[in-house]
Amino acid sequence: MSAGFETLEGWYSSHDFREFDWAGWKALSSKEQDIILEELFGLFNQWRSFESKHAGAFELFDVVGNKGDLLMFNLRPTIDELIEVKHAFNQTRFAALTIARDSFSSVIELSNYVVKSNQRMADEAFVQSRLRPKLPAVRYLCFYPMNKKREGADNWYSLPVEERQNLMRAHGMTGMKFKGQVTQMICGSIGLDDWEWGVTLFADDPLVFKKVVTEMRFDEVSARFAEFGPFYVGRKVSNQDMVKLLRKD
Amino acid sequence: MSAGFETLEGWYSSHDFREFDWAGWKALSSKEQDIILEELFGLFNQWRSFESKHAGAFELFDVVGNKGDLLMFNLRPTIDELIEVKHAFNQTRFAALTIARDSFSSVIELSNYVVKSNQRMADEAFVQSRLRPKLPAVRYLCFYPMNKKREGADNWYSLPVEERQNLMRAHGMTGMKFKGQVTQMICGSIGLDDWEWGVTLFADDPLVFKKVVTEMRFDEVSARFAEFGPFYVGRKVSNQDMVKLLRKD
Amino acid sequence: MSAGFETLEGWYSSHDFREFDWAGWKALSSKEQDIILEELFGLFNQWRSFESKHAGAFELFDVVGNKGDLLMFNLRPTIDELIEVKHAFNQTRFAALTIARDSFSSVIELSNYVVKSNQRMADEAFVQSRLRPKLPAVRYLCFYPMNKKREGADNWYSLPVEERQNLMRAHGMTGMKFKGQVTQMICGSIGLDDWEWGVTLFADDPLVFKKVVTEMRFDEVSARFAEFGPFYVGRKVSNQDMVKLLRKD
Amino acid sequence: MSAGFETLEGWYSSHDFREFDWAGWKALSSKEQDIILEELFGLFNQWRSFESKHAGAFELFDVVGNKGDLLMFNLRPTIDELIEVKHAFNQTRFAALTIARDSFSSVIELSNYVVKSNQRMADEAFVQSRLRPKLPAVRYLCFYPMNKKREGADNWYSLPVEERQNLMRAHGMTGMKFKGQVTQMICGSIGLDDWEWGVTLFADDPLVFKKVVTEMRFDEVSARFAEFGPFYVGRKVSNQDMVKLLRKD
Amino acid sequence: MSAGFETLEGWYSSHDFREFDWAGWKALSSKEQDIILEELFGLFNQWRSFESKHAGAFELFDVVGNKGDLLMFNLRPTIDELIEVKHAFNQTRFAALTIARDSFSSVIELSNYVVKSNQRMADEAFVQSRLRPKLPAVRYLCFYPMNKKREGADNWYSLPVEERQNLMRAHGMTGMKFKGQVTQMICGSIGLDDWEWGVTLFADDPLVFKKVVTEMRFDEVSARFAEFGPFYVGRKVSNQDMVKLLRKD
């Protein structure tokens, strides 16, 4: 069985989850806290500037529950820049107040399951906006990694390409019902990280995450073939929001 | 296969399990302990006040066994308020005496598996009391997350909606046998956390948890389709109880 | 499928495994060690006194291998008393020299798989001696949690009650071969802890644990339906034994 | 299905894996290091003396990779002596420079799968040399725990005893091809530890471990029925070797 | 079923992943950092010198994501030399600034699945270049361990040797499509470490890892029989690169 499908790849993507050391933070003086945040915000501002140069993107999210406190989400044209992002953060004094938790390294992917006609593939503007996207100006993110199953009769990689295409397109139709409510970004990570794909959803109402993921779970492609990793929900945090979260005064 | 069922969502829910640092606590003077508890109880009282304003709920539980010591259970109308609950707790001095363990983020859910007739759906008071509940005035809680299986012939998400409804209603009938002994709250977490649902039971006799969960495990919907996560049992703790637990004098 | 079987429940049970901080212990002066052990033995003696009042039981075990160093095994009439057992231990200075590992919370269970005739159920003395037992005066304990499988064709909870009863009784017959060599205590934990049952065996020769568990594994009920958790073996430790273990002088 | 096979048991066995705290070690003065090693070697020499008295055995191994640094392998006639081995080590100052990792507690086992004729069973000398062995004077050890599967059609414990015997004997024949290159010790741990068996191989060339385990994996008994745990390889370490490893000077 | 295939083995291989303690590093003075790096680079230079003597190889990689920071990849003719590599690193002061994470111990393997004709086997130069390789002068590495499945109908070890050969050769053909873009090194670890094989890919463009692993996943041998462990991607780091990463000044 040959793959029989093509993918286009865009920017590399890093989801970096960190736990925050509140006790260490609170032990610092206001002045030390100021210095630490100033250094951190310098880095964050630099990372955010990639968006205006259309050379990447960065957003910080406040993570729901105990699986982590912060999610740093970065997009960059090369994997080297993602490695540098990690090092630049670890060089900050703020980094010593965090504990690295889960991470997910991947690359934005567009497949001909989704972009089917040659014509549309040729629609350079559409393709570029998907592969090198501007992050949607919405408030919440949902992230989860996933695999396609290879178990007994439910073996995605043994299906003929036509069947895979039909299943993926039906799945895409389900997603379409939520158009305008949610934006989806698919990253591929086969050969790059432990899971095969990472799905990032953006919405202004977190309930939409529940609605769309539930509806899609009943599609055959998910019901029979999907294996899901952990689910993370985060709320976008600006530098000012962060000051408010970390400082009571 | 389309989902073919509807859900109503109510308040967002957070189950936050913490381990307590007894050694750190005992190293403090009585006076420091008093100050820490006063700050903590200020927060807890504020959280409890949401119940009287019908804008949420809070209870603290003393957890059985070594999977954690405290369970903070909060309900709020929005996910933002749950994020603030987490931050407000982490800002306290008491928080530095705890280690975050498991957590579960979800939203109270009512499905038309359960509420089947249009008439009843229209029964606003009933629905509201389920979606935005007052916590039962009972002594013990049992909590467990769960999934529906998607394995070979036992694939919940591939069943026709009628079959799912029949199985869920038969399951509901089993639960009815325990009416008056146990109160059940179903939270949905597809797209919000790692498990698909979280079940919270409330009872005055913890043996009822064993009886009801055992009886329901023989229902086809559980026997064939349920995957269970960890089970937690806790005992309700007031501020006064907590003082007694933490202070010998 | 209804459960179609009944259980009787007795005392609540706690298996609490702890790792011992040898380095912390050795850093203390003899005098400090004496004070710590005196406090601990005060608690242990109080716990042991429940046996003479027939209001529970307590034994301490020295655990084989690196899965823990100590097992505190307590039985009490109510779950509240088990919660208090945990708090009372954590209040001791000795507790700060231990790290909580695995734990198992359950309730002693007798089912009509085992006690089948009405007559025998009526034999109050027999039933009571099983539900509220005196711990056997033997030297070794073996503990393991377990589930019954729900996988494809091997689904315990989908079997008719008669088949379950036949399988359990055949299993009981195998156990009978070891009568006099081993005493078995079954605790149920559905709805109370992560596993469905906990099996505690008591014997004067630890080889008997290997013999009986091996023999029973070939019974259909184990071969097809049992899922086993970790296995722990421990040796009973009196207060005097403990002094000898912890003090070289 | 009855077991239908017999086992003979010999010495109890402990595989105790430890990580070494290099930073703590290097922080000590040469003099302190000398004192610590002297105490440790006193214990090791005592353990080694059991071999000459034919009352057990001890060897220390340097573990390949990051799953641990040291493996202490002890054989003793009783489980009590193994518990004392653990305590005696933990009493040393050296122990505080190690972190307990994996451990495996079991008992040397000889089954009539292997020793089939009554005559041979009666061959006391042969049997004794297997149950209470002298450790081979070779340089490398390979250790791995394993289970026999109980999954759907591949259920070892549901096979007739004759089929189990045929499979085990064919397996033994494969092993025979490596006679003279590798020595095998089978320990049973059903009812004693998490896995059902532990296999310890000894050889002068570590490549033989790869060759023999690969060849045997194609036997039906492994291909269909074996579940393997982690694999450890170690190199034998004398007291002098250990000094060389730990001291550069 | 006999294995029916032969393997040739070359150098032993160690993939050693380490987390870097940035906080500890930054707490040191420039002078202390210089001394630590000088010692480390002395060791690295010695390790690199094995390549010129054709007696092994060494490269350091900067790891993508939070699964580790550094990968030390060493090849040596004997397992003893790999053990010495580990000790030599742990003896450095730099080692105390790292935390051991995953590791993978194996031996380079060439099977007659791949090298099929006797003639080619006899081609000593070709075989030697595979078994005792020079590492490709490219920038990125991808590493992942894997097993062959033994589950129900998908049991690699129960297939006839011809079928295994056909599947492996078809797989090799897929790999051939990427010739010139990627170099592959197969290490066998049955009997040596937890996984059965480790695959190391080298390329100048990390996107090639995604392309080749994806394409090969659709081959029957992967689709039906492969179980994959974690995937690691790293970027080659020279001593000078390392100074730049660790020092801002």
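A, B, C, D and E label the chains in the order they appear, each numbered from 1.
Operating definition for what follows: a contact is a pair of C-beta atoms (placed from the backbone, for glycine too) under 8 Å apart; a residue touches a chain by one contact, two chains touch by 3 or more.
This structure is a prediction, so every number in the text was calculated from the model and none was measured.
Chemist: What's the minimum number of touch steps needed to get from subunit D to subunit E?
Modeler: 1
Chemist: Could you label the subunit C-subunit D interface same or different, taking same to mean over half of its residue numbers are used by both chains?
Modeler: Looking at both copies, the contact residues mostly diverge.
Chemist: Which whole number of Å gives the spacing of the CA centres of subunit B and subunit D?
Modeler: Distance between chain centres, rounded to whole Å: 46 Å.
Chemist: So how far apart, in whole Å, are subunit A and subunit B when each is placed at the average of its C-alpha atoms?
Modeler: Here subunit A and subunit B have centroids separated by 28 Å.
Chemist: Where in subunit C do residues touch two or more of the other chains?
Modeler: 151-152
Chemist: Treating touching as the only link between chains, describe the layout with one word: line, ring, star, complete or other.
Modeler: ring
Chemist: For subunit E, which residues count as touching subunit D in their complex?
Modeler: 1-4, 7, 9, 14, 16-17, 79-80, 82-83, 86-87, 90-91, 93, 95-96, 100-105, 107, 150-152, 155, 157-158, 188-194
Chemist: State the interface residues of subunit B toward subunit C in the complex, per the touch definition above.
Modeler: The contact residues of subunit B facing subunit C are 19-20, 22-23, 26, 62, 64-67, 140, 142, 144, 151-154, 201, 206-207, 209-215, 217-220, 222-224, 226, 230-231, 233, 235, 245, 248.
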